[in-house]
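There are structures below to look over.
The following pair of complexes shares a single chain, chain A, combined with chain B in the former and chain C in the latter.
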Partner chain A sequence: MPARQLEAAVRREGGTSIIELRGEIDGLAEEAMNAAYAEAEEGDPQVILLNFAEVDYINSTGIALIVGLLAKARAARRRMLACGLSDHYVEIFDITRLSDFMNVFDDEASALEEAATA
Partner chain B sequence: MSDPRPPTRPGGARSDRRILADFSLPSEPGNERAAMDRVGEAVRELDLEARVLKRLKTAVAEATMNAMEHGNDYRPEAPVVIRVLASPEDLSVLITDGGGDPVPAPGAEAPDLEAKLEGLQTPRGWGLFLIRNMVDEMNVTTDRSHHTVELVVRLKGGRDASETA
Partner chain C sequence: MSEHGAEHKQPRDAAHWAQPSGALRVRDAPEGALNLNVEGRRVVGPLQGFGRMWQKTYRVRLEGSDATPEEVVRVWKAEFPKLWPKGALFHTPRAGIAPGEVALIGSDRPGSRWIATGIMVLYADDVSFTYICPEGHPFSGWITFSSHRDDDGVTVAQAQVLIRANDPLYELMMPLALHKAEDDQWRHVLESLAARFSVAGCVETERVCVDRHRLWRNYKNIRHNAILRSLLHAVAAPFRRRSNRAKGRES
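Right, the complex of A and B next:
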């Protein structure tokens, strides 16, 4: 299966910036992830939501990239949420304890509902 | 191109193990995906639970990345050799590189996520931790010129088997 290099698109819903991720989150994803995060921070959102619904592979380097984004969000006192992870990657978020610092939702609607009420 | 097959194989003395696959890949970025896909095909006949298969494939990809990066310095001419062996009791995937930086021993401690989030540690360093948590057993053997990581999934009575019983 050929690798699908990561594509990231940013849009806004109220006070939340949503980063839609498509493809694979590995070492090749760093530039796209960081550029999307910088764009997502424009407008000083309270919440940044990472939507993984179109992500089919995350490796340990990808986990490190996500940790890096979460660190930036926490330093700027923004909440970071995640949605759309497959069961396998929900387990990996639990094992790595990422889900202790980043609430994980089944889908974008659930995450946005939480973002709006918090 | 030298063949990094080790003179002895972890668990290789067991006569009840069948070889499901035996192949090598150049140490090039991205080949961990090929490794996990080929191992996935090799174990298809075992009809593993989907969750167990995904965990195994993640462990194979991570161990292959480590072998290519730390063992072979991403030299394409240095192959990573992968063997898949099965017995009625367990499945073993042996991933061997040409030796280089010592393979860290599989410890029990989780990476310190708080320290990483505070910028006190590099965000990296999840590979071995993921591997350990994706399979029932991980063994590392080293001789003068090879490192081999053995990933073991119990097919009967192991953690995954007991969870689905």
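Right, the complex of A and C next:
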């Protein structure tokens, strides 16, 4: 199966920046992830939501990239949420204990609902 | 709060990750290995530690070697303990470097300069593998060993750590000793790996502070500190021997 290089698109809903991720999160995704995060930070949002619904592969280097973004968000006192993860990646977030710091939701609507009420 | 359940097919990386498990369990600890700071501990990623978060990358180009990345990683996994500096002991799990396997580090032999700790294999595929640390280890975080071809077609071997010092004592030790010890360790490993492929490799190092903040709420991690517990274990050794001899006489 050919690798699907990561594409990341950013849009805004209220005080939340949403980063829609598509493809594979591995070492090659660093530039796209960091560029998307920088764009998501414009406008000083309170919450950044990572939407993984179209992500079909994450390796350990990819998890490290996500940790890096989470560290940046926490340093800037922003909340980071995640949605659209398959059960497998929810498990990975549990094993790596990312989920201690990032709430994970089924879908974008429920994540945005939480972002709006918090 | 974790509301999940989105419908997806099983991704192709599924077999490469460790399965979730609450506490670490060491199966068949090898003779001489001290399972003092691993059994029953949880793993800790870079978010559970105390100190500043660092990403350090050590890289060597295997110029002149025709080894593929897959071959490099296969050798790296198979010969991992041999590549370590003299005196450091890594007890490879019986099942090898495979997802979920737990390895002990250090020894209870007199004169060992290493603390008793360990790692869990978090991820392993054909071109990379990742270790995650247990509570009490000097670092909370993980290290990924990988190999790839660079733009010139040369095979590169790389070790990349993403870590925080696990508690305030380790954080104090970072500038005094731990940074250097870690740099020396992984440079040695990469030089040994390069030598294994008949290459006199020059190891490049990059160090980036990913998060300058210290996580003060995690200061209590010190209760698991493997150095302190290993020291106490060593200090108490004569008393344990005396107690065991007394028990032996009674029975």
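One rule holds in what follows: the second predicted complex is superposed on the first by the 118 of 118 C-alpha atoms of A that agree within 3 Å, B and C clash if a C-alpha of one lies under 4 Å from a C-alpha of the other, contacts with A are read in each partner's own complex, and residues count from 1 in each chain.
Criterion: a residue touches a chain if its C-beta (ideal position, glycine included) is under 8 Å from a C-beta of that chain, and two chains touch if they have at least 3 such contacts.
Here the structure is a predicted model, which means the values were calculated and not measured.
Q: Using the superposition on chain A, decide if chain B and chain C clash or fit.
A: In the superposition, chain B runs into chain C.
Q: Taking the superposition as given, does A:L70 touch the first partner, chain B, the second, chain C, both, or neither?
A: both
Q: After lining up the shared chain so the two structures overlap, which partner does A:S60 touch, if you call chain B first and chain C second: first, second, both or neither?
A: Both partners, chain B and chain C.
Q: Applying the document's definition of touch, where does A:G27 land relative to chain B and chain C: first, second, both, or neither?
A: After superposition on chain A, A:G27 lies in contact with both partners, chain B and chain C.
Q: Examine A:V10 and indicate which partner it touches, taking first as chain B and second as chain C; both and neither are also allowed.
A: Touch status of A:V10: no partner.
Q: By residue count, is chain A touched more by chain B or by chain C?
A: C
Q: What is the contact status of A:I95 with respect to chain B (first) and chain C (second): first, second, both, or neither?
A: Both partners.
Q: Go through chain A and flag every residue that touches chain B in one model and chain C in the other.
A: 1, 27, 57, 59-61, 64, 67-68, 70-71, 74-75, 87-88, 91-92, 95-98, 100-101
Q: Across the complex, what residues on chain C touch chain A?
A: Checking each residue of chain C against chain A gives 1-8, 10-14, 16-20, 43-48, 53, 55, 122-123, 125, 128, 130, 132, 142, 144, 146, 148, 160, 162, 210-213.
Q: Which chain A residues qualify as touching chain B in the complex?
A: Per the touch definition, chain A meets chain B at residues 1, 3, 27-28, 57, 59-61, 63-65, 67-68, 70-71, 74-75, 87-88, 91-92, 95-98, 100-101.
Q: Applying the document's contact rule, which stretches of chain B touch chain A when the two form their complex?
A: Chain B reaches chain A through residues 29-30, 32-33, 37, 51, 54-55, 58, 61-62, 65, 110-111, 113, 116-119, 122-127, 129-130, 133.
Q: Give every residue of chain A touching chain C within the complex, in rising order.
A: My answer: residues 1, 27, 53, 56-61, 64, 67-68, 70-72, 74-75, 83-92, 94-101, 103-107, 110, 114.
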